[in-house]
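The first chain written gets the first letter, and so on, giving A, B, C and D; residue counts start at 1 in each chain.
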Amino acid sequence: MTFHEDHPREACGVFGVYAPGRDVARTTFFGLYALQHRGQESAGIVTSDGRAAYSHKGMGLVAQVFNEENLSPLKGHLAIGHTRYSTTGSSHIRNAQPTLIETMYGPLAVAHNGNLTNALQLRQRLLERGVGLSSTTDTELVTQILAAPPEVWGSDIFQLNPDDPVPDRWMVRIRAFQEIAEGAYSLAILTEDAVYAVRDPLGLRPLCLGELDGGGYVIASETCALMTIGAKFVRELEAGEILRLDRAGVSSVRGKQAPKEALCVFEYVYFARPDSVMGGEMIHLVRQQMGRQLAIEASADADIVVGVPDSATPHAIGFAQQSGLPYTEGLTKNRYIGRTFIQPDDNLRKQGINLKYNGLTANLKGKRVILIDDSIVRGNTAGPMVQLMRDSGASEVHLRVASPPVKHPCFMGVDMATYRELIANKYDIPSICAKIGADSLDYLSLPGMMSAIRTVLGHDAGYCNACFSGVYPITIPNWLFADERDKTIFEAKLRV
Amino acid sequence: MTFHEDHPREACGVFGVYAPGRDVARTTFFGLYALQHRGQESAGIVTSDGRAAYSHKGMGLVAQVFNEENLSPLKGHLAIGHTRYSTTGSSHIRNAQPTLIETMYGPLAVAHNGNLTNALQLRQRLLERGVGLSSTTDTELVTQILAAPPEVWGSDIFQLNPDDPVPDRWMVRIRAFQEIAEGAYSLAILTEDAVYAVRDPLGLRPLCLGELDGGGYVIASETCALMTIGAKFVRELEAGEILRLDRAGVSSVRGKQAPKEALCVFEYVYFARPDSVMGGEMIHLVRQQMGRQLAIEASADADIVVGVPDSATPHAIGFAQQSGLPYTEGLTKNRYIGRTFIQPDDNLRKQGINLKYNGLTANLKGKRVILIDDSIVRGNTAGPMVQLMRDSGASEVHLRVASPPVKHPCFMGVDMATYRELIANKYDIPSICAKIGADSLDYLSLPGMMSAIRTVLGHDAGYCNACFSGVYPITIPNWLFADERDKTIFEAKLRV
Amino acid sequence: MTFHEDHPREACGVFGVYAPGRDVARTTFFGLYALQHRGQESAGIVTSDGRAAYSHKGMGLVAQVFNEENLSPLKGHLAIGHTRYSTTGSSHIRNAQPTLIETMYGPLAVAHNGNLTNALQLRQRLLERGVGLSSTTDTELVTQILAAPPEVWGSDIFQLNPDDPVPDRWMVRIRAFQEIAEGAYSLAILTEDAVYAVRDPLGLRPLCLGELDGGGYVIASETCALMTIGAKFVRELEAGEILRLDRAGVSSVRGKQAPKEALCVFEYVYFARPDSVMGGEMIHLVRQQMGRQLAIEASADADIVVGVPDSATPHAIGFAQQSGLPYTEGLTKNRYIGRTFIQPDDNLRKQGINLKYNGLTANLKGKRVILIDDSIVRGNTAGPMVQLMRDSGASEVHLRVASPPVKHPCFMGVDMATYRELIANKYDIPSICAKIGADSLDYLSLPGMMSAIRTVLGHDAGYCNACFSGVYPITIPNWLFADERDKTIFEAKLRV
Amino acid sequence: MTFHEDHPREACGVFGVYAPGRDVARTTFFGLYALQHRGQESAGIVTSDGRAAYSHKGMGLVAQVFNEENLSPLKGHLAIGHTRYSTTGSSHIRNAQPTLIETMYGPLAVAHNGNLTNALQLRQRLLERGVGLSSTTDTELVTQILAAPPEVWGSDIFQLNPDDPVPDRWMVRIRAFQEIAEGAYSLAILTEDAVYAVRDPLGLRPLCLGELDGGGYVIASETCALMTIGAKFVRELEAGEILRLDRAGVSSVRGKQAPKEALCVFEYVYFARPDSVMGGEMIHLVRQQMGRQLAIEASADADIVVGVPDSATPHAIGFAQQSGLPYTEGLTKNRYIGRTFIQPDDNLRKQGINLKYNGLTANLKGKRVILIDDSIVRGNTAGPMVQLMRDSGASEVHLRVASPPVKHPCFMGVDMATYRELIANKYDIPSICAKIGADSLDYLSLPGMMSAIRTVLGHDAGYCNACFSGVYPITIPNWLFADERDKTIFEAKLRV
């Protein structure tokens, strides 16, 4: 029994800080440390002391990339940082972020969470201008677009809102970028003397603002990074907003607006850390409520409720509370599981090697179990998980999923899966139940999930739930839909 | 708020396998993978194909030490492996295990879990014989003692029990070793053509036997390693038992006996993985029962029960079930926390950096909380933890510890602490409560803990609970008691 | 006695090959291996198979950077390579060459030997266009200039010579680059399906063409690289020439022309390998002739002639032959001397530690010695060398330098020294002699050196001997003259 | 044309120093640096401050193994060091020296140059005692033998010479070791408070004593190490001598004596650095004399004399002086040649890739050349070398070898070759000449070589010239003669 990870993968965590008198590189290090769950492939920090920019990037976890020797030369009073997850194909230090270039107006560094849906066109425009590109990342596109005057992109200087401050050069360029870019982006941008934070008009990826005790501001993908470094949470950025942190404090322009927000609903389901606040409330509470709603919609006659650790524990606690069934642990997870490249041989596979989970037979023996998972994407884990429950003595296994069936891919920066890989795109629920061998299977309904969020948050913002509903908040170009598309399409020319 | 780890540290995990036709190095790799919680400093594997022995060791986690390139040359049909934890002073590849030497009768490798209380005398005897020693480990002592004929040690050939098989050369030597060694040892020993498993007469450290489906046997510190590789659990070794795995299957001699067993009770409290079976029942169940017993002895008027993740979760679930109070999560643990050498600066410290835990304010706000921890050793974590609960909104914090106060050091292979470092050795419970700032504090009683174990196991074996009771199962030499003793006493002469 | 290296440092070696059916990466590896003396800091190879480009670069010697694992993925039938030396400040993998980018017309890679004297203006023009730059190298400038259409640079399409072939897109761009670039450059350029070789109009840095036995062509900085891979030497490129290697074979356009050639004369003095052919004859022969001319101009009454190994051995042999004095070895050089960061302490310094050279007392004792060196730049080695000869028993030491006094810095790609550092810029010959403690000191005269070259080559080409004469073949901008100029001027903004 | 190295390989360089008040680790570092030519596989240093011993060892060149970080913790006032060459089979950090163990009487470290011809018996005696061995080196045998009281080895306390000082414990043990050991050994031994230097009774491997200016003594394999650190050469150790360096200065006992000395004559031919003094005179002078003698015995009608760089240059200079023919360089050697694992492909091989040497055609064209080499062992280099001379234009190539034909292997610590591999063991001179394609071939005669040494040294010491003469100074056990013997015989049991 081998357990593959059956979760979509978040692309990135971003962080920024403007705080004279503080060790901003160190502050960024600990901020990234708290955002590690948003990307484990590479990490990087760029700082500025107002005269020059300093940078260090590397492959691996934040704690592996940085040590005192490479952190201490990162001087200055402003910084941005990035943790990255990526598909294997483009896993290379060359693609690590933040990117850093020199421009007419000094250093410019960009850290990016999201995916530009018109990256191909933007890339083409840069190449046509005669700008050579050295990587295949969206972030290099953002950087080179910002390096050129806005006129180049044919976008008029945007109209200020009456209450906007007079924008500076970089705000103008960022605003122009918003006009020509499509898709998802939460950006942390560093110039010689300011940090900028930007969200796309739909607010697809999260971004929040915090304040440091002795003065100074930080921005981060999630509030957990603020808590970790002891910063006070101020507010989440609005969709389309452009924020500048500099010696004058915080200034903001509204930026490009969309008719409706569309925050990625999967942040609530799985991505965000349970202790982060998003939309005004803590993620853990939303997940408990999803579990409660699931209990209302789809309970079962059973003895105990167990969750798949660790991500589905909040949902399972909520389910147990609502259903009145006792909550307990049914599985242990090997805490020291690291990336190993050693593969089991046939003998081990045949005898059912379990690297990640073991069943707690003492709790399961003879019990009718409701097993809660937060989501099912490809469906390759659910079957072995049900089997493990049975092998551990469960007499019945009722699988309940605290989100709706995932039927559509994401094109806004989440590595979900292709249409062909999504089990719920190919099969209906009874077929899936049969395939995974559960006694029963049910999902939380889409209205149920949205109502759970609304219940906790107390208001109804706009969300992107395209992976469940197929209703995308922006037009997705056809080439992105092509299931067969070569993921390395951008990489065809450079194999660095 | 910085959270130090306030747990004793287990010294080692051992593993062995005899299985012609299997990739024994790979099997050992996955066995060690499951025993990773028993030691994260170094890992090693030695195999034999009956003609030569093959070895690879390295510093770090099992998954870091081994890759296909260094694993595949480890040929053969028998193997032993080791994961090691150690104090910083002797953290060196030179001390990694298993040790491997050539003897008159071919290769000999030893993997050791435990601590010899008469190591100093044994070391002296070897040096007096004119044997140069190249490390400061007990394991080198074991190896060099076994390399010499038993007569050298002045121990007569032991008397066979009527039902013992006729012992071979190595069994005789191992038996002689038992006569001169004192303290704790669970050994996996590899010779040219057999694997031996040995427990000390008190059975201080655990060791169990499993059977592979297609033929072959394995030994491991815990049953979770058997489960991981798909082996069937056969039985735990008896105290003093010497087991031989070879082409004839399994043979056993009783070995040296003590009046009473004395399995380390901290295996139940914290060391062993919750899914391991020890003394016939699953650890998770014992811990739940300890939580239940704690609820009986020392409940409190409160709204919710939360455990310190992950180790105190089973105890908290048991407490909640017994007390009828709702169980929920109150803390998140950063899953990606790795070893970082980056230290927070004063600014970050002042603002209360939280790398390891964040409070789930949504669950705690305004609540009277019972916080369950499995044990308190030095007491340096409990204070910040209580403070974190209050900062996260808890109106009251009642700390309950699911084991008795730790008042005495361990000299049998567990890195506990010195007398001076143990908070319960210096202060009584009210003083500790005041120091950590809890609204109330209580521990499980020693009789309560022992009865919880007895209740689940259904019988009363012998245990070592010296760290709680001060009653050591063997005579501890005075020099080990000296609180000021230089831990590097053995290392004074060699700084390799 | 510590011996610093007192030689100017060559910036780079370049190599290129177009040869379907061959392992071009491997061929390039061995070509770079032979050019190792031109740069030991980093090495890199880019190949193309007509569809995509493949690249590997690294810090260190060619043999350290490449192994089978990273060499074998470099597929294709055309390749360029580079070895680089650089000042410490910019010693970073980011500056390793060849650079590789994607353009409108596919991949473009550049390997560069030389120095652009108008780099600052070119850099400014790129930044003004809004092209962000990610390094501080001239090579990135070349690459981004070539990436844009030639109109961008305001240079008209050049006039073809009647015998030039119709140029392709890249030739046009390279030709346009020659119009706006000033200074020294020998370039190897790789596109999707061709390799280009380019020399600046003055021919400051060398470049030659070779032919492979089974078909295919190579270009290299020196002929020793052709010999090493078994290629036949065809000819040296002319100054200003642009060569294209592709499936049609070799085609050439004359490129931008200068009134007179100006090959760096230091190639004859020290840079080039003695077995390379340059200007039609082997370097070793030219150096012997310089030694002969030195003997004519400035012999001395002495017993033996010894050279400073290894670079001055040919000059010393020539001197001995001309003077009729016996040649012998007077010094040994530690062949295994590698880069060590261990510094001698005061004790060792006081006792005269000799890491690099030891005197051969047996050959020197009581002898009047003529010591030949090829050049003196800073003059920090000559004194200890003279002292070493005396300590080894020489009764007299007459130092003869086989090139004129170096009085001026180089701004064309050689790391010579600043005005202030050049000993002959500050002192006259008697003062230098006094400072270094020789019994007598003399240099080869400038006319003598030029006539030695002319004698061997049989013709008089143009040379740059500005470091001796102060007559620069191009206008040097004032900022480059500023002795105090911060060498890191370009790096002020990016500390990557 | 591929040039393999056709020289025997020296096993090791040893160094020791006793010098209170100095940085002895640093002094040892620079001493090893000068001895790098005696072994490039691994390097190590052990120091003592009188209380504890400190050690660092590593694979690679001395400059690669040591940096400030690992050198500075090596405290103390006495030290020994080692550089090692070894056959591939046992190339492992485990076999790096010095070995260091703890004994009854404190730390004991050993650095060894040579080979024990009765290693197999000594190994067996240790195993029979019940001492486990963890490596396959002679040095571990030496160390464990010295760790035990001399009675164990059945050797009586040796008789003092009237003028010997009263020996200490370690001198007695070393003396006992000399009684049971056979073969070649020059040892540097470190105890808690003294350094010992030991030569075998035949004095097969060299060892010398030097004095430091401010007080303190050093020992080293060659005098070049003394010169490098600025120490004054005192004298070479006598065969069998045991020297002690301690706070009292230097004391000596004569040790075990053999009827006649037998210094390895290959030290004069090739091993020792040309600037080292051995037998009272500088190696360079002896090699020149060998060249002169060769000119007397076997000159040829030719135009120029060239040597194979760098080792045969002194011989060639001597030959030229004696013959009156002009000396010049005929070959260049790539100075940057490092260890590369990249192999030429067939194309490159066919076209004659020359990585190591290029011919100086300008010097060779149309010339009748006498090519001097210092020795021929396997004969795999001579053919390509002759061919290279012809390809470079030589009209005739007369190869002259400045030592006799090598017909016998070495069993005293030099990795020469097996009988089957030695070309002169299989073929007579005319056949060899035909195989390598020279116009003529001649060797220096054995009497001629011995007389050349005698001429320079002015006296006739004893030498081992067994590789030329077949007359071994000690009885070689049959198993060592077995040409087919598995070189890994000692390694059969442990593959660490």
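We take it that a contact is a pair of C-beta atoms (placed from the backbone, for glycine too) under 8 Å apart; a residue touches a chain by one contact, two chains touch by 3 or more.
Just so we're clear, the structure is a prediction, and the values are computed from it rather than from any experiment.
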With chain centres set to the mean of the C-alpha atoms, which chain is at the far end from chain B?
-> C
If you average the Cα atoms of chain B and of chain D to get two centres, how far apart are those centres in Å?
-> 50
So, what's the distance in Å between the C-alpha centres of chain D and chain C?
-> 37
Approximate Å spacing (C-alpha centroids) for the pair chain A, chain D | 62
Touching at least 2 other chains, the residues of chain A are none
Which pairs of chains touch, using the document's own definition = A-B, A-C, B-D, C-D
Note: in the complex, chain B contacts chain D through residues 51-55, 73, 99-104, 106-108, 127-134, 143-144, 147-149, 152, 492-496
Chain D - residues contacting chain C, complex = 22-23, 26-27, 29-30, 33-34, 36-37, 40, 61-64, 66-68, 71, 212-214, 224, 227-231, 273-275, 281-282, 284-285, 310, 313-314, 317, 321, 326-329, 332, 334-342, 344-345, 347-348, 350-355, 358-363
